[in-house]
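Each in C-alpha cells, the structures are laid out below.
In what comes next, chain A is part of two complexes: it sits with chain B in the first one and with chain C in the second one.
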Partner chain A sequence: MTIEAKNITKTFGNYEALKEVSVTVPSGKLVALLGPSGSGKTTLLRIIAGLEQADHGQILMDGRDTTDASARDRRVGFVFQHYALFRHMTVFDNVAFGLRVKKRAERPSREEIRSRVMELLKMVQIDWLADRLPNQLSGGQRQRVALARALAVEPKVLLLDEPFGALDAKVRKELRRWLRRLHDEIHVTSIFVTHDVDEALEVADEVVVMNQARIEQVGPPDEVYEHPANSFVYHFLGSVNLFHTRVRDGQVHLGDDVLDVKTDGEEALVHARPHDIEIAREAENGGWLKAQVLRIHTIGPIVRVELLRADDQSLSEAELTRERYAALRLIVGEDVFFRPRASKIYSAP
Partner chain B sequence: MAGVIPSRIGAQGVKSRRAVTEPLWVRSLLITLALLFIALVLVMPLVLIFTYALQQGWAVYIASFTEPDAVSAIRLTLITAAITVPLNVIFGVSAAWAITKFHFRGKNILITLIDLPFAISPVIAGLIFVVLFGARGILGPWLIENDIRIIFATPGIVLATIFVTFPFVARELIPLMQAQGSDEEQSAMTLGANGWQTFWRVTLPNIKWGLLYGVILCNARSMGEFGAVSVVSGHIRGLTNTMPLHIEILYNDYQFTASFAVASLLVFLALITMVVKAIIEWRTQQTITTITDDTLLLEK
Partner chain C sequence: MAKKRTSHRVLPGFGLTFGFTVFYTSLIVLIPLAGLFFLTSQMTWAEFWAKAVTDPRVVASYKLSFGAAFIAAIINAVFGFLVAWVLVRYSFWGKRIVDALVDLPFALPTAVSGIALTTLYAHTGWIGQWFDSFGIRIAYTPTGIVLALTLIGLPFVVRTVQPALEDLEAELEEAASSLGATRGQTFRRVIFPAILPSLLSGFTLAFARAVGEFGSVYFIAGNMPYKTEIAPLLIIIKLEQYDYHGAAAIGVVMLLASFTFIFIINLLQAWSRRHQ
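Right after this comes the complex of A and B.
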C-alpha cells in the first residue's frame, strides 16, 4: 500500500514537532525515517498510524484519505519502541490478541487462530516460547513477539518505532538483518524510525532524513550517502572535516587548490570524510595543505590521524588503512601534507 | 557488565550497612520504644475489646448480635457498603482512567478534588449533606413536597459514606496506571480492539491487584465510618443506625458487653481486611518488581 503524507504540521504546546512535512512511501518498500532525537520522526510515524492527530495536512493510503480514520480502522501494524507487550498474557495470547478481538463474523475459529499464531511464531523463530510471559523473555525475543503480534492481523502497513533501540549492539545487528530478510519474504510496506545511520543505510530501500521538524532528503541509501543534499545530512551521516573557503568568480579556493562550483556565495564550506583525506610527505601538485601530526589512534583495522593545519591552526581528521599507515611511517609532531580526495561543497549557513 | 554491577552493589551494601548502623544501645532503645508503643496503642485495645465482649460469656456475646436493633444496624452497614463500594469502583476507575490516559485541561484540579474528602473532616462532610437535603436545607422543601427522604434515612447515610470513601480506589489506581503508561492500550487499539475490549482485556488485568486493594480499603472505611454518618443518620434505633453508631448508643446506655461485642465484629472485619491487604500488597509488589525488571532490561 502506498502511503502519502501531505503537508503534515503538528505542534505540542509551543513545540513544533512537524512543519509542513510531505513524503510518499512506495508500496512494498522498507523505508527508514532517520534523524536525531527531536527531529519529529516518531511523531510522523504515530500520525501515520493514527495514534496522533495532525494539526494540518492529510494522510493518504492508496490514494484514500485516512486523515480522520481511527487507529483501529487503518489496518496498520505498529511495533512500539518498548514493545508494549501485554504483560499479563503469554506470548501466544499476545500474538492471538488481534485475531480474538475481531468481530464475530470475521473472527477465525479457535483452531485457525491456533495454527495462524504458531505459524507466525515459527516465522519469527520463537515458537518454543509460546507459553512464556513477556517478562521471561530477552529484549530480542520481545521484539520478535511484538512483530509477530503486529503481523497477525495482516496489516497493510508495518510501522516500527526505534525497533532495535533498546537492544545491545550484537543482537541489534542480527535482528536488523533478519528484519530485512523478513521484509523480502512478506513485502508489506514498512516504515521504521531510527537515529542509527548504519541501521538505516543497511536495512532500508529508501531513507528519509529528518531534522528539526522537516525532511532534509529522501532517497536510496547509496544516493543519500554519496550525495547528501546539504551540510546537515552530510554531518549526520558520518564524521566530517570542514574547510572554510570563499567563492570567487564561481570558484572555491582551498589552500592553493581551486575547485569550480556553480553557485556563487560569500563563503563556502568544503566537507570531506576522514577516509577521503590523503596524506603525503611531499606536496607534488596543487591542493595540498601543510599540517602537523597531533595524535595517532589505532582503532581496529583503521588508523585515525589528527592533523593541525599550519595556515589557520584548524583541526582535521584522516582515517588511513593500516597498510597506508605502515607505508607512511607517520610520527607524532612531524609535518606532512594532506588533501581531500573527494569532497562536497555547501554554502555556509 | 551484567555480572559486574550486582556484585559491586552488593559490596557497597555491606560497607554502607556497617557505616550507617547505630550502636547497640540506640538500636535496642528504639526497637523497645516502638514495641511498647505498638503494645499500648494497638494491641492492648484489641485485647480489651475481646475481653470485655466475652466478659459475660458466649450466650450474652451472641445475643448482642441477634437482638433486633443490632441486626438492623448490621444490615444497614452491609447495604451501605454494598452500594458504596461498587459506585466508588466505577467512579475511581473512570477518574483514574481519565487522569492517566488522556490530556485535558483542569486535570490537576480534578486530582486535587479527588483528595478533598481526605482533607475535610467527616463531620463537615455530613453537614454539607444536611445543608443540601435537610428539612431546612437548600433542596429540603422540594424533597418534602415530593415525599423523598434523604437525611435521617438510608440515602443520606449512603451519600455521606460515598463522599468519605471517594478517594480510596482512584488514589490507589492513579500511580499504578501512571507507572504502566498507555502503550499497551495503544497497541491494543492498533490491533483492532475497541475501547471496551481494551479495558477488559488489557487495562483491567493490569490493575486488578491495585483495584482490589482500593476496594478493600474503601470497604473497610465504608463499614467503619462514624462522623459523617452520625450527622446525617439521626440515630433512629432499628432504622438508621449503622454498626459504629449502634456501638456508641450501647456504650452510652452502659451496655458495655453488648457494645464491645458489636465492636469485636468490626475488629474482625478490620483484621480480615489487613490480612487480605497484606496478601495483595505482596502481590502488587511482585507486579511492580516485574515492571522495574522490564525497565532495567530495556535500559541494558
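Right after this comes the complex of A and C.
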C-alpha cells in the first residue's frame, strides 16, 4: 500500500513536532525515518498509525483519505520500542490477540487461529516459545513476538517505532538483518523509525532524514550517504572535518588548492569524512595542509589521528587503516601534511 | 542466604534483623492472639460449641458481620476501581481535593463517621427522608451497616488499585487498538487482567477492615439482637457481662473465619498473578 503524508503539522502545546511535512512511501518498500531525537520522526509514525491526530494535513493510503480513521480501522501493524506485550498472556495468546478480537463473522475458527499463530511464530523463529510468558523471554525474543503479533492481522502497513532501540548492540545487528530478510519475503510496506545511521543505511530501501520537525532529504541509502543534501545531513550521517574557506570567483580555496564550485555567498564550508583524509610526510604538490599530530587512538581495525592545523590551529580528525598507519609510522607531536581526498562543499549558514 | 559472607547487604546481618522481626511480631501480634486461644482453651469443647458456634444469636451476628463486610467489599471493589480510574486517567479541577478525600476514612474517628452517616440516613435525615418516601430504611438496618462498612473500606481499594493503574503503559492500549480491539475488548482483555491482582488485594484489605469494624457500625446499626447486632458488638456485650470466655470464643471463631477467607483470596491472587 502506498502511503502519502501531505502537509502534516502537529504541535504539542508550544512545541512544534512537525511543520508542513510531506512524504510518500512507495508500496512494498522498507523505509527508514532517520533523525536525532526531537526531530518529529516518531510523531510522524504515530500520525500515520492513527495513534496521534495531525493538526493539519492529510494521510492517504492508496489514495484513500484516512486522516480521520481510528487506529483500529487503518489496518496498520505497530511495533513499539518497548514491545508493549500483554504480560498476563502467553506468547501464543499475544500473537492470537488480533485474531480473537475480530467480529464474530470475520473471526477465524480456533483451529485456523492456532495454525496461523504457529505459522507466524515459526516465521519469526520462536515457535518453541509459544507457551512462555513475556517476562520469561529475552529482549530480542520479545520484539519477535511483538512483530508476529502485529503481522497476525495481515496489516497493509507495518510501522516500527525504534524497534531495536532497547536491545544490546549485538542482538540489534542480528535482528535488523533478519528484519531485512523477512521484508524481502513478505513485502509489506514498512516504515521504521531510528536514530541509528548504520541501521537506516543497512536495512532500508529508502531513507527519510528528518531534523527539527522537517524533512531534510529523501532517497536510497547510497544516494543519501554519497550526496547529502545539506550540511545537516552530512553531519548526521557521520563524523565530519570542517574547513572554513571563502568563495572567490565561483571557486573555493582550501590551503593552496582550488576547488571549482559555484556556491553563492561569502564563506563556504568544505566537509570531509575522517576516512577521506590522507596523511603524508611530504607535501608533493598543492592542497596539502600542515598539521601537528596531537593524539593517536587505535580502535579495532582503524587508527584515529587527531591533527592540529598549523595555520589556524583548528582540529581535524583522520581515520587510517592499520596498514597505512604502520607504513607512516606516525609519532605524537610530529609535523605532517594532510588533505581531503573527497569532500562536499556547502555554503556557510 | 543467611550464611553467605560475601553478600553485602545494606541492613545488618540476617540473624539480627530476623530475630528482631520475630520478636516484634510476637510482641505486637502473636502473643495477644495466643492469649485469646489460651483463654478459649480453658473452656470445654461443649461450652465452646454452645457459646460460639450454635447459639442462634451469635450465629446471626456472624452472618451479619461477614455478610455485610463481604457486600461492602464488593461495592468498594467496583466503585473504588472507578474512583481510582478517574483519578489516574483524567485531570480535572479539584483532582487533588478528591484524592485527599479518599484518605479521609483512614483518618476520621470511626464513631464520627458513624454518627454522621446515621444523621444523614436516618428516616428523618437529609438523604434518608428521600429513601423513606420510597419505603426504604437505611439507618438501623443491615443496609446501614453495609453503608458504614463501605465508607471505611473505600481507601483500601483506591490506594491499592491506583499505583497499578499508573504503572499500566499507555502503549498496551495503543497496541490493542492497533490490533483491532474495541475499547470494551481492550478493557476486558488487557487492562482488567493486569489490574486484577491489586484489585483482589484491595478487596481483601477492605473486607478484613470491615469485619473488624466496630465504631461506625455501633451508631448506625441500632444493635437489635438477631437483626442488626454485629459480632464485635456481641464480644463487648459478653465482656460487660464478665463472660470473658464467651467473648474469647467468639473472637477465635472470627479469627479463624477471617484467616480462612483471606487465605482463599490470596490463593486466587497467586493464581491471577502467575500470569503477570
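The working rule: the second predicted complex is superposed on the first by the 349 of 349 C-alpha atoms of A that agree within 3 Å, B and C clash if a C-alpha of one lies under 4 Å from a C-alpha of the other, contacts with A are read in each partner's own complex, and residues count from 1 in each chain.
Following the convention adopted for this analysis, a contact is a pair of C-beta atoms (placed from the backbone, for glycine too) under 8 Å apart; a residue touches a chain by one contact, two chains touch by 3 or more.
All values derive from a computational prediction rather than experimental measurement.
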Partners on chain A (chain B, chain C) - clash or fit
clash
Looking at A:V153 after the superposition, I want to know if it touches chain B, chain C, both of them or none. Which is it: first, second, both, neither?
both
Per the contact definition in the header, classify A:F86: touching chain B only (first), chain C only (second), both, or neither.
both
With both complexes superposed on chain A, which partner does A:R72 reach: first (chain B), second (chain C), both or neither?
both
Does chain B (first) or chain C (second) touch A:G98, or do both, or does neither?
both
Where does A:A166 make contact in the superposed view: on chain B (first), on chain C (second), on both, or on neither?
first
Tell me the contact category for A:L51 with respect to chain B and chain C: first, second, both or neither.
both
Would you sort A:L294 into first (chain B), second (chain C), both or neither based on which partner it touches?
neither
Enumerate the residues of chain A that count as touching chain B in its complex and touching chain C in the other.
49-51, 70-72, 76-78, 80, 82, 84, 86-89, 97-98, 101-102, 135, 149-150, 152-153
Please give the residue numbers of chain A that touch chain C in the complex, ascending.
49-51, 70-72, 74, 76-78, 80, 82, 84, 86-89, 97-98, 101-102, 133, 135, 149-150, 152-153
Could you please specify the touching residues of chain B with respect to chain A in the complex?
183-184, 186-194, 197, 201-202, 205-206, 290-291, 293-294, 297-300
Complex interface listing, chain C residues touching chain A:
169, 171-172, 174-182, 185, 189-190, 193-194, 272, 275-276
Chain A residues touching chain B in their complex are 49-51, 70-72, 76-78, 80, 82, 84-89, 97-98, 101-102, 134-135, 138-139, 149-150, 152-153, 166, 168
